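The same subunit A turns up in both complexes below, where it pairs with subunit B and then with subunit C.
Take a look at the complex of A and B:
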(Lines of atoms letter the chains of each structure in order from A and count residues from 1; the text may use other names and numbers.)
(Lines give C-alpha, C1' and ligand atoms only; values in the text may rest on other atoms or scores of the structure.)
Protein backbone atom coordinates (compact mmCIF):
# COMPACT_ATOMS: atom_id res chain seq x y z
CA UNK A 1 0.00 0.00 0.00
CA UNK A 2 1.29 3.49 -0.75
CA UNK A 3 2.25 5.54 2.27
CA UNK A 4 1.35 9.16 1.68
CA UNK A 5 0.90 12.03 4.07
CA UNK A 6 -2.86 12.58 4.05
CA UNK A 7 -4.09 15.75 5.64
CA UNK A 8 -7.13 17.04 7.50
CA UNK A 9 -9.23 14.16 8.88
CA UNK A 10 -11.72 16.94 9.70
CA UNK A 11 -12.07 16.35 13.42
CA UNK A 12 -10.00 16.80 16.53
CA UNK A 13 -10.92 20.30 17.68
CA UNK A 14 -14.22 19.21 19.24
CA UNK A 15 -12.52 16.50 21.30
CA UNK A 16 -9.80 18.91 22.34
CA UNK A 17 -12.35 21.45 23.60
CA UNK A 18 -14.47 18.71 25.19
CA UNK A 19 -11.49 17.41 27.13
CA UNK A 20 -11.01 20.85 28.65
CA UNK A 21 -14.72 21.47 29.28
CA UNK A 22 -15.18 18.09 30.98
CA UNK A 23 -12.11 18.76 33.14
CA UNK A 24 -13.71 22.02 34.37
CA UNK A 25 -17.00 20.26 35.10
CA UNK A 26 -15.18 17.57 37.14
CA UNK A 27 -13.19 20.20 39.05
CA UNK A 28 -16.37 22.16 39.91
CA UNK A 29 -18.14 18.95 40.94
CA UNK A 30 -15.26 18.01 43.26
CA UNK A 31 -15.68 21.31 45.10
CA UNK A 32 -19.49 20.87 45.30
CA UNK A 33 -19.13 17.31 46.60
CA UNK A 34 -16.57 18.26 49.26
CA UNK A 35 -18.71 21.21 50.39
CA UNK A 36 -21.82 19.03 50.51
CA UNK A 37 -20.10 16.31 52.52
CA UNK A 38 -18.81 18.84 55.05
CA UNK A 39 -22.21 20.57 55.27
CA UNK A 40 -24.10 17.27 55.59
CA UNK A 41 -21.87 16.12 58.41
CA UNK A 42 -19.75 13.03 58.21
CA UNK A 43 -19.72 9.78 56.34
CA UNK A 44 -22.51 7.78 57.94
CA UNK A 45 -24.89 5.83 55.71
CA UNK A 46 -27.74 8.21 56.53
CA UNK A 47 -25.65 11.28 55.68
CA UNK A 48 -24.62 9.85 52.31
CA UNK A 49 -28.14 8.67 51.54
CA UNK A 50 -29.55 12.08 52.40
CA UNK A 51 -26.95 13.81 50.29
CA UNK A 52 -27.74 11.85 47.13
CA UNK A 53 -31.51 11.92 47.68
CA UNK A 54 -31.76 15.47 46.28
CA UNK A 55 -32.43 15.85 42.57
CA UNK A 56 -29.66 18.41 42.19
CA UNK A 57 -27.02 16.07 43.60
CA UNK A 58 -28.21 13.21 41.38
CA UNK A 59 -28.01 15.47 38.33
CA UNK A 60 -24.61 16.96 39.27
CA UNK A 61 -23.13 13.55 40.01
CA UNK A 62 -24.42 12.07 36.76
CA UNK A 63 -23.10 15.06 34.79
CA UNK A 64 -19.67 14.70 36.46
CA UNK A 65 -19.62 10.98 35.68
CA UNK A 66 -20.56 11.57 32.02
CA UNK A 67 -17.77 14.16 31.88
CA UNK A 68 -15.38 11.62 33.37
CA UNK A 69 -16.35 9.00 30.76
CA UNK A 70 -15.99 11.41 27.82
CA UNK A 71 -12.70 12.72 29.23
CA UNK A 72 -11.46 9.16 29.72
CA UNK A 73 -12.47 8.24 26.17
CA UNK A 74 -10.35 11.02 24.66
CA UNK A 75 -7.38 10.21 26.92
CA UNK A 76 -7.46 6.47 26.27
CA UNK A 77 -7.96 7.07 22.54
CA UNK A 78 -4.87 9.30 22.55
CA UNK A 79 -2.83 6.53 24.21
CA UNK A 80 -4.03 4.02 21.60
CA UNK A 81 -3.16 6.45 18.79
CA UNK A 82 0.37 6.78 20.16
CA UNK A 83 1.19 3.19 21.04
CA UNK A 84 -1.08 0.76 19.14
CA UNK A 85 0.24 0.65 15.58
CA UNK A 86 -1.92 -1.98 13.76
CA UNK A 87 -5.06 -0.13 12.63
CA UNK A 88 -7.38 -3.12 13.07
CA UNK A 89 -6.25 -3.72 16.63
CA UNK A 90 -6.55 0.01 17.42
CA UNK A 91 -10.11 0.14 16.07
CA UNK A 92 -11.01 -3.01 18.01
CA UNK A 93 -9.67 -1.62 21.28
CA UNK A 94 -11.47 1.69 20.69
CA UNK A 95 -14.79 -0.13 20.22
CA UNK A 96 -14.21 -2.09 23.44
CA UNK A 97 -13.45 1.11 25.38
CA UNK A 98 -16.54 2.90 23.97
CA UNK A 99 -18.74 -0.08 24.84
CA UNK A 100 -17.32 -0.21 28.38
CA UNK A 101 -17.77 3.54 28.95
CA UNK A 102 -21.35 3.56 27.62
CA UNK A 103 -22.03 0.59 29.89
CA UNK A 104 -20.57 2.46 32.86
CA UNK A 105 -22.79 5.47 32.09
CA UNK A 106 -25.91 3.30 32.14
CA UNK A 107 -24.75 1.59 35.29
CA UNK A 108 -24.07 4.95 36.98
CA UNK A 109 -27.61 6.13 36.16
CA UNK A 110 -29.05 2.94 37.57
CA UNK A 111 -27.10 3.30 40.82
CA UNK A 112 -27.88 7.00 41.27
CA UNK A 113 -31.65 6.77 40.71
CA UNK A 114 -31.95 3.62 42.80
CA UNK A 115 -30.65 5.46 45.87
CA UNK B 1 46.22 22.46 26.14
CA UNK B 2 43.43 20.54 27.82
CA UNK B 3 42.36 16.98 27.22
CA UNK B 4 38.64 16.49 26.78
CA UNK B 5 36.95 13.09 26.88
CA UNK B 6 34.16 12.11 24.51
CA UNK B 7 31.83 9.15 24.18
CA UNK B 8 30.48 9.10 20.65
CA UNK B 9 27.76 7.03 18.97
CA UNK B 10 29.32 5.20 16.02
CA UNK B 11 27.49 3.22 13.38
CA UNK B 12 28.48 2.47 9.82
CA UNK B 13 25.81 0.15 8.36
CA UNK B 14 28.29 -1.11 5.75
CA UNK B 15 30.74 -2.37 8.39
CA UNK B 16 29.06 -2.57 11.81
CA UNK B 17 26.46 -5.12 12.88
CA UNK B 18 25.09 -2.70 15.43
CA UNK B 19 25.84 0.76 16.86
CA UNK B 20 28.47 1.17 19.61
CA UNK B 21 29.85 3.99 21.75
CA UNK B 22 33.44 5.04 21.02
CA UNK B 23 35.54 6.51 23.83
CA UNK B 24 37.95 9.07 22.47
CA UNK B 25 39.74 12.12 23.81
CA UNK B 26 41.19 15.16 22.11
CA UNK B 27 43.64 17.93 22.98
CA UNK B 28 42.06 21.37 22.80
CA UNK B 29 43.49 24.90 22.63
CA UNK B 30 41.84 27.76 24.57
CA UNK B 31 40.43 29.08 21.30
CA UNK B 32 38.41 25.87 20.77
CA UNK B 33 35.40 27.30 22.54
CA UNK B 34 32.50 25.58 20.85
CA UNK B 35 31.67 21.89 20.62
CA UNK B 36 32.00 22.03 16.85
CA UNK B 37 35.62 23.24 17.18
CA UNK B 38 36.37 20.16 19.28
CA UNK B 39 34.58 17.90 16.81
CA UNK B 40 36.62 19.25 13.91
CA UNK B 41 39.75 18.29 15.88
CA UNK B 42 38.22 14.89 16.62
CA UNK B 43 37.63 14.39 12.92
CA UNK B 44 41.29 15.22 12.25
CA UNK B 45 42.25 12.53 14.76
CA UNK B 46 39.79 9.89 13.52
CA UNK B 47 38.60 10.72 10.03
CA UNK B 48 36.07 7.88 9.96
CA UNK B 49 33.79 9.96 12.22
CA UNK B 50 30.86 11.33 10.21
CA UNK B 51 28.77 14.39 11.09
CA UNK B 52 27.13 17.25 9.20
CA UNK B 53 28.33 20.82 9.56
CA UNK B 54 28.39 23.88 7.38
CA UNK B 55 28.06 27.50 8.48
CA UNK B 56 29.48 26.95 12.02
CA UNK B 57 27.42 29.84 13.42
CA UNK B 58 23.90 28.57 14.04
CA UNK B 59 22.34 29.60 10.75
CA UNK B 60 22.35 26.48 8.57
CA UNK B 61 21.07 23.98 11.16
CA UNK B 62 23.28 21.13 9.91
CA UNK B 63 25.08 20.11 13.09
CA UNK B 64 22.06 19.31 15.27
CA UNK B 65 22.75 16.33 17.53
CA UNK B 66 22.02 14.93 20.95
CA UNK B 67 24.62 16.44 23.31
CA UNK B 68 24.82 14.97 26.82
CA UNK B 69 21.21 13.86 26.43
CA UNK B 70 19.81 17.14 25.09
CA UNK B 71 19.33 18.14 21.46
CA UNK B 72 21.29 21.17 20.30
CA UNK B 73 23.61 22.63 17.71
CA UNK B 74 27.29 21.73 18.15
CA UNK B 75 28.36 25.14 16.80
CA UNK B 76 26.35 27.05 19.43
CA UNK B 77 27.21 24.84 22.41
CA UNK B 78 29.97 26.15 24.69
CA UNK B 79 32.57 23.56 25.68
CA UNK B 80 32.57 25.12 29.17
CA UNK B 81 28.92 24.20 29.66
CA UNK B 82 29.45 20.47 29.07
CA UNK B 83 30.22 17.78 31.68
CA UNK B 84 32.74 15.10 30.65
CA UNK B 85 32.76 12.64 29.10
CA UNK B 86 30.74 14.51 26.49
CA UNK B 87 28.21 12.02 25.12
CA UNK B 88 27.26 12.65 21.49
CA UNK B 89 24.43 10.78 19.81
CA UNK B 90 22.44 11.36 16.61
CA UNK B 91 19.07 13.12 16.87
CA UNK B 92 16.63 10.64 18.46
CA UNK B 93 13.81 9.05 16.51
CA UNK B 94 15.15 9.43 12.96
CA UNK B 95 16.91 6.64 11.01
CA UNK B 96 20.71 6.82 11.27
CA UNK B 97 22.58 7.07 7.97
CA UNK B 98 25.98 6.92 9.63
CA UNK B 99 27.40 7.97 13.03
CA UNK B 100 25.82 11.34 13.86
CA UNK B 101 24.10 11.77 10.48
CA UNK B 102 20.36 11.07 10.40
CA UNK B 103 17.92 10.68 7.52
CA UNK B 104 15.70 13.79 7.72
CA UNK B 105 13.29 12.74 4.92
CA UNK B 106 10.33 12.26 7.27
CA UNK B 107 10.98 15.60 8.95
CA UNK B 108 11.01 17.50 5.65
CA UNK B 109 7.98 15.58 4.36
CA UNK B 110 6.01 16.95 7.29
CA UNK B 111 7.41 20.43 6.71
CA UNK B 112 6.34 20.35 3.06
CA UNK B 113 2.88 19.04 3.99
CA UNK B 114 1.91 22.38 5.56
CA UNK B 115 2.71 24.24 2.29
CA UNK B 116 5.51 26.42 3.63
CA UNK B 117 5.11 29.24 1.14
CA UNK B 118 2.91 32.30 0.73
CA UNK B 119 -0.36 31.57 -1.07
CA UNK B 120 -1.86 34.70 -2.62
CA UNK B 121 -3.91 34.58 -5.80
CA UNK B 122 -4.08 38.33 -6.42
CA UNK B 123 -1.96 39.54 -9.35
CA UNK B 124 1.52 40.36 -8.09
CA UNK B 125 2.02 44.12 -7.67
CA UNK B 126 4.77 45.85 -9.57
CA UNK B 127 7.24 45.91 -6.68
CA UNK B 128 6.25 43.84 -3.65
CA UNK B 129 3.36 42.93 -1.35
CA UNK B 130 3.66 45.37 1.54
CA UNK B 131 2.81 44.86 5.20
CA UNK B 132 2.36 47.39 7.98
CA UNK B 133 5.09 47.27 10.64
CA UNK B 134 2.48 45.92 13.11
CA UNK B 135 1.52 43.08 10.76
CA UNK B 136 5.17 42.30 10.14
CA UNK B 137 5.69 42.16 13.92
CA UNK B 138 3.41 39.09 14.01
CA UNK B 139 6.03 37.05 12.17
CA UNK B 140 8.76 37.60 14.75
CA UNK B 141 9.56 34.43 16.64
CA UNK B 142 8.25 32.38 13.71
CA UNK B 143 10.33 33.11 10.63
CA UNK B 144 13.70 32.56 12.39
CA UNK B 145 13.38 28.74 12.37
CA UNK B 146 16.38 27.10 10.66
CA UNK B 147 14.82 23.60 10.41
CA UNK B 148 17.59 21.90 12.39
CA UNK B 149 15.02 19.38 13.74
CA UNK B 150 16.18 19.68 17.36
CA UNK B 151 12.56 20.31 18.45
CA UNK B 152 10.73 17.66 16.45
CA UNK B 153 13.24 14.95 17.42
CA UNK B 154 12.85 15.80 21.13
CA UNK B 155 9.06 15.42 20.91
CA UNK B 156 7.64 12.04 21.99
CA UNK B 157 4.53 12.59 19.86
CA UNK B 158 6.83 12.91 16.83
CA UNK B 159 8.77 9.78 17.86
CA UNK B 160 5.57 7.71 17.99
CA UNK B 161 3.92 9.14 14.84
CA UNK B 162 6.53 10.80 12.59
CA UNK B 163 4.43 9.91 9.54
CA UNK B 164 1.23 11.49 10.91
CA UNK B 165 2.10 14.24 13.41
CA UNK B 166 3.45 17.40 11.76
CA UNK B 167 5.79 18.06 14.69
CA UNK B 168 6.77 21.34 16.37
CA UNK B 169 8.97 22.62 13.52
CA UNK B 170 6.27 22.05 10.90
CA UNK B 171 3.55 23.55 13.08
CA UNK B 172 5.66 26.62 13.85
CA UNK B 173 6.06 27.08 10.09
CA UNK B 174 2.32 26.50 9.62
CA UNK B 175 1.54 29.30 12.04
CA UNK B 176 4.12 31.52 10.37
CA UNK B 177 1.94 31.47 7.23
CA UNK B 178 -1.37 31.59 9.14
CA UNK B 179 -0.10 34.76 10.83
CA UNK B 180 0.99 36.37 7.57
CA UNK B 181 -1.49 39.06 6.45
CA UNK B 182 -0.43 38.56 2.82
CA UNK B 183 -1.49 34.91 2.84
CA UNK B 184 -4.98 34.07 1.55
CA UNK B 185 -5.19 30.35 2.32
CA UNK B 186 -6.05 30.56 6.04
CA UNK B 187 -9.12 28.32 5.73
CA UNK B 188 -7.32 25.66 3.70
CA UNK B 189 -4.39 25.71 6.12
CA UNK B 190 -6.70 25.21 9.12
CA UNK B 191 -8.55 22.42 7.26
CA UNK B 192 -5.18 20.78 6.60
CA UNK B 193 -4.40 20.74 10.33
CA UNK B 194 -7.89 19.89 11.65
CA UNK B 195 -6.85 16.35 12.39
CA UNK B 196 -6.39 14.32 15.58
CA UNK B 197 -2.90 13.31 14.47
CA UNK B 198 -1.47 16.26 12.55
CA UNK B 199 -2.13 18.96 15.16
CA UNK B 200 -3.74 17.41 18.21
CA UNK B 201 -0.93 14.95 19.02
CA UNK B 202 0.66 17.97 20.70
CA UNK B 203 0.00 17.84 24.43
CA UNK B 204 2.05 20.96 25.21
CA UNK B 205 4.87 19.26 27.12
CA UNK B 206 7.23 21.92 25.72
CA UNK B 207 10.28 19.73 25.03
CA UNK B 208 10.51 21.73 21.79
CA UNK B 209 10.81 25.03 23.64
CA UNK B 210 13.42 23.53 25.96
CA UNK B 211 15.80 22.58 23.13
CA UNK B 212 15.28 25.21 20.40
CA UNK B 213 18.75 26.67 19.72
CA UNK B 214 17.17 29.80 18.29
CA UNK B 215 15.05 30.38 21.40
CA UNK B 216 11.73 29.98 19.56
CA UNK B 217 8.47 28.78 21.09
CA UNK B 218 6.63 26.21 18.91
CA UNK B 219 4.21 25.39 21.76
CA UNK B 220 2.98 29.00 21.77
CA UNK B 221 2.53 28.91 17.98
CA UNK B 222 0.58 25.64 18.26
CA UNK B 223 -1.60 27.26 20.93
CA UNK B 224 -2.32 30.11 18.53
CA UNK B 225 -3.30 27.67 15.76
CA UNK B 226 -5.77 26.02 18.17
CA UNK B 227 -7.00 29.51 19.10
CA UNK B 228 -7.69 30.28 15.41
CA UNK B 229 -9.55 26.99 15.05
CA UNK B 230 -11.69 27.71 18.09
CA UNK B 231 -12.53 31.18 16.76
CA UNK B 232 -13.44 29.68 13.40
CA UNK B 233 -15.65 26.93 14.81
CA UNK B 234 -17.24 28.25 18.01
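Take a look at the complex of A and C:
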Protein backbone atom coordinates (compact mmCIF):
# COMPACT_ATOMS: atom_id res chain seq x y z
CA UNK A 1 0.00 0.00 0.00
CA UNK A 2 1.21 3.46 -0.76
CA UNK A 3 1.15 5.75 2.21
CA UNK A 4 0.35 9.05 0.61
CA UNK A 5 0.41 12.14 2.74
CA UNK A 6 -2.64 14.11 1.70
CA UNK A 7 -2.09 17.84 1.91
CA UNK A 8 -5.58 18.66 0.78
CA UNK A 9 -5.23 20.90 -2.24
CA UNK A 10 -4.04 19.02 -5.24
CA UNK A 11 -0.42 19.21 -6.11
CA UNK A 12 -0.42 22.65 -7.53
CA UNK A 13 2.30 22.85 -10.20
CA UNK A 14 -0.09 24.61 -12.55
CA UNK A 15 -0.97 27.18 -9.90
CA UNK A 16 2.67 27.66 -9.06
CA UNK A 17 3.42 28.45 -12.69
CA UNK A 18 0.38 30.69 -13.03
CA UNK A 19 1.38 32.68 -9.95
CA UNK A 20 4.81 33.27 -11.45
CA UNK A 21 3.56 34.07 -14.95
CA UNK A 22 1.10 36.61 -13.56
CA UNK A 23 3.85 38.07 -11.37
CA UNK A 24 6.02 38.67 -14.45
CA UNK A 25 3.12 40.29 -16.34
CA UNK A 26 2.44 42.65 -13.43
CA UNK A 27 6.10 43.50 -13.02
CA UNK A 28 6.44 44.39 -16.72
CA UNK A 29 3.25 46.43 -16.59
CA UNK A 30 4.49 48.31 -13.52
CA UNK A 31 7.58 49.41 -15.42
CA UNK A 32 5.52 50.42 -18.47
CA UNK A 33 3.10 52.46 -16.36
CA UNK A 34 5.89 54.19 -14.47
CA UNK A 35 7.65 55.05 -17.72
CA UNK A 36 4.40 56.35 -19.22
CA UNK A 37 3.67 58.51 -16.17
CA UNK A 38 7.17 59.93 -16.17
CA UNK A 39 6.94 60.61 -19.91
CA UNK A 40 3.59 62.40 -19.88
CA UNK A 41 3.37 63.90 -16.42
CA UNK A 42 0.07 62.43 -15.37
CA UNK A 43 -0.51 65.14 -12.81
CA UNK A 44 -3.36 66.83 -14.64
CA UNK A 45 -6.64 65.13 -15.45
CA UNK A 46 -6.04 65.45 -19.20
CA UNK A 47 -2.64 63.77 -19.00
CA UNK A 48 -3.80 61.01 -16.64
CA UNK A 49 -6.97 60.32 -18.63
CA UNK A 50 -5.07 60.43 -21.91
CA UNK A 51 -2.67 57.83 -20.62
CA UNK A 52 -5.41 55.23 -20.27
CA UNK A 53 -7.35 56.30 -23.33
CA UNK A 54 -5.01 54.64 -25.82
CA UNK A 55 -5.97 51.17 -26.98
CA UNK A 56 -2.63 49.75 -25.96
CA UNK A 57 -2.78 51.02 -22.37
CA UNK A 58 -6.39 49.87 -22.02
CA UNK A 59 -5.40 46.40 -23.08
CA UNK A 60 -2.20 46.33 -21.02
CA UNK A 61 -3.98 47.64 -17.93
CA UNK A 62 -6.77 45.12 -18.25
CA UNK A 63 -4.31 42.27 -18.78
CA UNK A 64 -2.32 43.35 -15.72
CA UNK A 65 -5.47 43.61 -13.59
CA UNK A 66 -6.74 40.19 -14.65
CA UNK A 67 -3.29 38.79 -13.85
CA UNK A 68 -3.46 40.52 -10.48
CA UNK A 69 -6.84 38.98 -9.66
CA UNK A 70 -5.70 35.48 -10.61
CA UNK A 71 -2.41 35.94 -8.74
CA UNK A 72 -4.21 37.22 -5.66
CA UNK A 73 -6.60 34.26 -5.77
CA UNK A 74 -3.74 31.74 -5.69
CA UNK A 75 -1.91 33.71 -2.99
CA UNK A 76 -4.90 34.24 -0.72
CA UNK A 77 -5.93 30.61 -1.13
CA UNK A 78 -2.44 29.52 -0.05
CA UNK A 79 -2.69 31.76 3.00
CA UNK A 80 -6.09 30.27 3.92
CA UNK A 81 -4.67 26.76 3.54
CA UNK A 82 -1.94 27.64 6.02
CA UNK A 83 -4.00 29.34 8.69
CA UNK A 84 -7.69 28.44 8.39
CA UNK A 85 -8.15 24.86 9.49
CA UNK A 86 -11.93 24.28 9.78
CA UNK A 87 -12.97 23.07 6.32
CA UNK A 88 -16.34 24.80 6.26
CA UNK A 89 -14.92 28.18 7.18
CA UNK A 90 -12.04 27.80 4.73
CA UNK A 91 -14.39 26.94 1.85
CA UNK A 92 -16.74 29.75 2.80
CA UNK A 93 -13.93 32.29 2.76
CA UNK A 94 -12.66 30.98 -0.57
CA UNK A 95 -16.10 31.45 -2.10
CA UNK A 96 -16.19 35.03 -0.81
CA UNK A 97 -12.74 35.74 -2.28
CA UNK A 98 -13.63 34.24 -5.68
CA UNK A 99 -16.86 36.21 -5.80
CA UNK A 100 -15.03 39.42 -4.93
CA UNK A 101 -12.31 38.88 -7.53
CA UNK A 102 -14.73 37.99 -10.33
CA UNK A 103 -16.66 41.14 -9.41
CA UNK A 104 -13.47 43.21 -9.53
CA UNK A 105 -12.73 41.88 -13.02
CA UNK A 106 -16.10 43.11 -14.25
CA UNK A 107 -15.59 46.41 -12.48
CA UNK A 108 -12.14 46.83 -14.06
CA UNK A 109 -13.58 46.32 -17.55
CA UNK A 110 -16.23 48.92 -16.81
CA UNK A 111 -13.69 51.44 -15.53
CA UNK A 112 -11.48 51.11 -18.60
CA UNK A 113 -14.01 50.87 -21.38
CA UNK A 114 -16.23 53.65 -20.14
CA UNK A 115 -13.48 56.17 -20.86
CA UNK B 1 8.08 2.75 2.36
CA UNK B 2 7.12 6.35 1.99
CA UNK B 3 6.69 6.74 5.69
CA UNK B 4 7.91 9.70 7.64
CA UNK B 5 10.37 8.67 10.31
CA UNK B 6 10.73 11.55 12.74
CA UNK B 7 10.86 9.64 15.97
CA UNK B 8 13.88 11.11 17.66
CA UNK B 9 12.93 13.49 20.43
CA UNK B 10 15.10 16.56 20.23
CA UNK B 11 14.64 19.78 22.12
CA UNK B 12 12.99 22.34 19.91
CA UNK B 13 11.85 25.89 20.11
CA UNK B 14 9.15 26.73 17.61
CA UNK B 15 7.97 29.94 19.23
CA UNK B 16 8.21 32.31 16.30
CA UNK B 17 8.29 35.34 18.55
CA UNK B 18 11.36 34.31 20.54
CA UNK B 19 13.42 32.91 17.68
CA UNK B 20 15.81 35.39 16.13
CA UNK B 21 14.74 35.43 12.50
CA UNK B 22 17.29 35.75 9.73
CA UNK B 23 16.69 38.66 7.38
CA UNK B 24 15.33 36.51 4.52
CA UNK B 25 12.68 35.15 6.92
CA UNK B 26 11.57 38.68 7.80
CA UNK B 27 11.50 39.56 4.10
CA UNK B 28 9.40 36.50 3.42
CA UNK B 29 6.78 37.10 6.11
CA UNK B 30 6.50 40.72 5.04
CA UNK B 31 5.98 39.51 1.47
CA UNK B 32 2.97 37.58 2.71
CA UNK B 33 1.71 40.46 4.86
CA UNK B 34 2.08 42.94 2.00
CA UNK B 35 0.28 40.59 -0.43
CA UNK B 36 -2.60 40.13 1.99
CA UNK B 37 -2.77 43.87 2.71
CA UNK B 38 -2.85 44.77 -0.97
CA UNK B 39 -5.58 42.21 -1.51
CA UNK B 40 -7.70 43.72 1.27
CA UNK B 41 -7.31 47.21 -0.18
CA UNK B 42 -8.19 46.21 -3.76
CA UNK B 43 -11.71 47.68 -3.64
CA UNK B 44 -10.32 51.00 -2.39
CA UNK B 45 -7.63 51.04 -5.07
CA UNK B 46 -10.11 50.21 -7.84
CA UNK B 47 -12.41 52.93 -6.59
CA UNK B 48 -9.53 55.42 -6.64
CA UNK B 49 -8.64 54.37 -10.20
CA UNK B 50 -12.24 54.73 -11.27
CA UNK B 51 -12.67 58.13 -9.66
CA UNK B 52 -9.37 59.46 -10.97
CA UNK B 53 -10.39 58.56 -14.53
CA UNK B 54 -14.14 59.17 -14.61
CA UNK B 55 -14.27 62.99 -14.86
CA UNK B 56 -12.25 66.11 -14.07
CA UNK B 57 -14.44 66.64 -11.00
CA UNK B 58 -13.85 63.17 -9.55
CA UNK B 59 -10.14 63.49 -10.41
CA UNK B 60 -10.04 66.68 -8.34
CA UNK B 61 -11.88 64.86 -5.55
CA UNK B 62 -9.17 62.15 -5.49
CA UNK B 63 -6.47 64.81 -5.40
CA UNK B 64 -8.26 66.47 -2.52
CA UNK B 65 -8.50 63.17 -0.66
CA UNK B 66 -4.81 62.54 -1.16
CA UNK B 67 -4.18 65.91 0.45
CA UNK B 68 -5.52 64.61 3.76
CA UNK B 69 -2.64 63.51 5.99
CA UNK B 70 -4.35 60.30 7.18
CA UNK B 71 -5.09 59.27 3.59
CA UNK B 72 -1.52 60.15 2.64
CA UNK B 73 -0.09 57.87 5.31
CA UNK B 74 -2.38 55.00 4.28
CA UNK B 75 -1.43 55.45 0.61
CA UNK B 76 2.24 55.59 1.56
CA UNK B 77 1.78 52.31 3.45
CA UNK B 78 0.17 50.72 0.39
CA UNK B 79 2.94 52.08 -1.81
CA UNK B 80 5.51 50.47 0.46
CA UNK B 81 3.52 47.21 0.44
CA UNK B 82 3.58 47.20 -3.36
CA UNK B 83 7.28 48.05 -3.59
CA UNK B 84 8.20 45.46 -1.00
CA UNK B 85 6.04 42.76 -2.58
CA UNK B 86 7.46 43.66 -5.98
CA UNK B 87 11.12 43.49 -4.90
CA UNK B 88 10.75 40.39 -2.74
CA UNK B 89 8.67 38.83 -5.53
CA UNK B 90 11.34 39.42 -8.15
CA UNK B 91 13.84 37.91 -5.71
CA UNK B 92 11.65 34.80 -5.45
CA UNK B 93 11.49 34.50 -9.21
CA UNK B 94 15.29 34.64 -9.33
CA UNK B 95 15.55 32.06 -6.55
CA UNK B 96 13.14 29.85 -8.50
CA UNK B 97 15.59 30.14 -11.38
CA UNK B 98 18.35 29.04 -9.01
CA UNK B 99 19.91 32.46 -9.03
CA UNK B 100 21.33 33.52 -5.67
CA UNK B 101 20.38 30.46 -3.65
CA UNK B 102 23.56 30.15 -1.60
CA UNK B 103 23.15 31.40 1.95
CA UNK B 104 25.41 34.42 1.63
CA UNK B 105 23.91 35.45 -1.70
CA UNK B 106 20.37 34.98 -0.37
CA UNK B 107 21.13 37.23 2.60
CA UNK B 108 22.63 39.82 0.31
CA UNK B 109 19.62 39.88 -2.05
CA UNK B 110 17.29 40.10 0.96
CA UNK B 111 19.16 43.23 2.06
CA UNK B 112 19.02 44.64 -1.47
CA UNK B 113 15.26 43.99 -1.63
CA UNK B 114 14.66 45.89 1.61
CA UNK B 115 16.86 48.76 0.51
CA UNK B 116 15.37 49.08 -2.98
CA UNK B 117 11.77 48.90 -1.80
CA UNK B 118 12.32 51.50 0.92
CA UNK B 119 14.14 53.78 -1.49
CA UNK B 120 11.44 53.36 -4.14
CA UNK B 121 8.76 54.11 -1.54
CA UNK B 122 10.49 57.33 -0.52
CA UNK B 123 11.09 58.47 -4.11
CA UNK B 124 7.65 57.54 -5.48
CA UNK B 125 5.93 58.77 -2.32
CA UNK B 126 7.79 62.06 -2.64
CA UNK B 127 6.82 62.43 -6.29
CA UNK B 128 3.23 61.28 -6.09
CA UNK B 129 2.06 62.21 -2.61
CA UNK B 130 4.17 65.14 -1.47
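Everything below uses one rule, namely that the second predicted complex is superposed on the first by the 103 of 115 C-alpha atoms of A that agree within 3 Å, B and C clash if a C-alpha of one lies under 4 Å from a C-alpha of the other, contacts with A are read in each partner's own complex, and residues count from 1 in each chain.
In this section, contacts are C-beta pairs under 8 Å (C-beta built on N, C-alpha and C of every residue); 3 or more make two chains touch, one makes a residue touch a chain.
Note that this is a predicted model, so its numbers are computed, not measured.
Asks: In the superposed model, which partner reaches more residues of subunit A, subunit B or subunit C?
Replies: Partner touching more subunit A residues in the overlay: C.
Asks: Figure out whether A:31 sits in contact with subunit B (first) or subunit C (second), or with both, or with neither.
Replies: A:31: touches no partner chain.
Asks: So, A:107: does it touch subunit B (first), subunit C (second), both, or neither?
Replies: second
Asks: Who does A:12 touch here: subunit B (first), subunit C (second), both, or neither?
Replies: After superposing on A, A:12 lies in contact with subunit B but is clear of subunit C.
Asks: Taking the superposition on A as described, I'd like to know which of subunit B and subunit C A:81 touches: first, second, both or neither.
Replies: It touches subunit B, and subunit C stays clear.
Asks: Could you tell me if A:39 is touching subunit B, subunit C, both of them or neither one (first, second, both, neither)?
Replies: neither
Asks: Which positions of subunit A sit in both the subunit B and the subunit C interface?
Replies: 3, 5
Asks: Under the definition above, what is the set of subunit A residues touching subunit C in their complex?
Replies: 2-5, 20, 23-24, 27, 30, 45, 48-49, 52, 72, 75-76, 79, 100, 104, 107-108, 111, 114-115
Asks: Which bits of subunit B are touching subunit A when the two form their complex?
Replies: 109-110, 113, 156-157, 160-161, 163-164, 191-201, 203, 226, 229-230, 233-234
Asks: Please give the residue numbers of subunit C that touch subunit A in the complex, ascending.
Replies: Counting only subunit C, the residues touching subunit A are 1-4, 32, 35-36, 38-39, 42-43, 46, 49-50, 52-54, 56, 59-60, 86, 89-90, 93, 96.
Asks: Quick one: which bits of subunit A touch subunit B in the complex? Just the residue numbers, please.
Replies: Residues 3, 5, 7-17, 78, 81-83.
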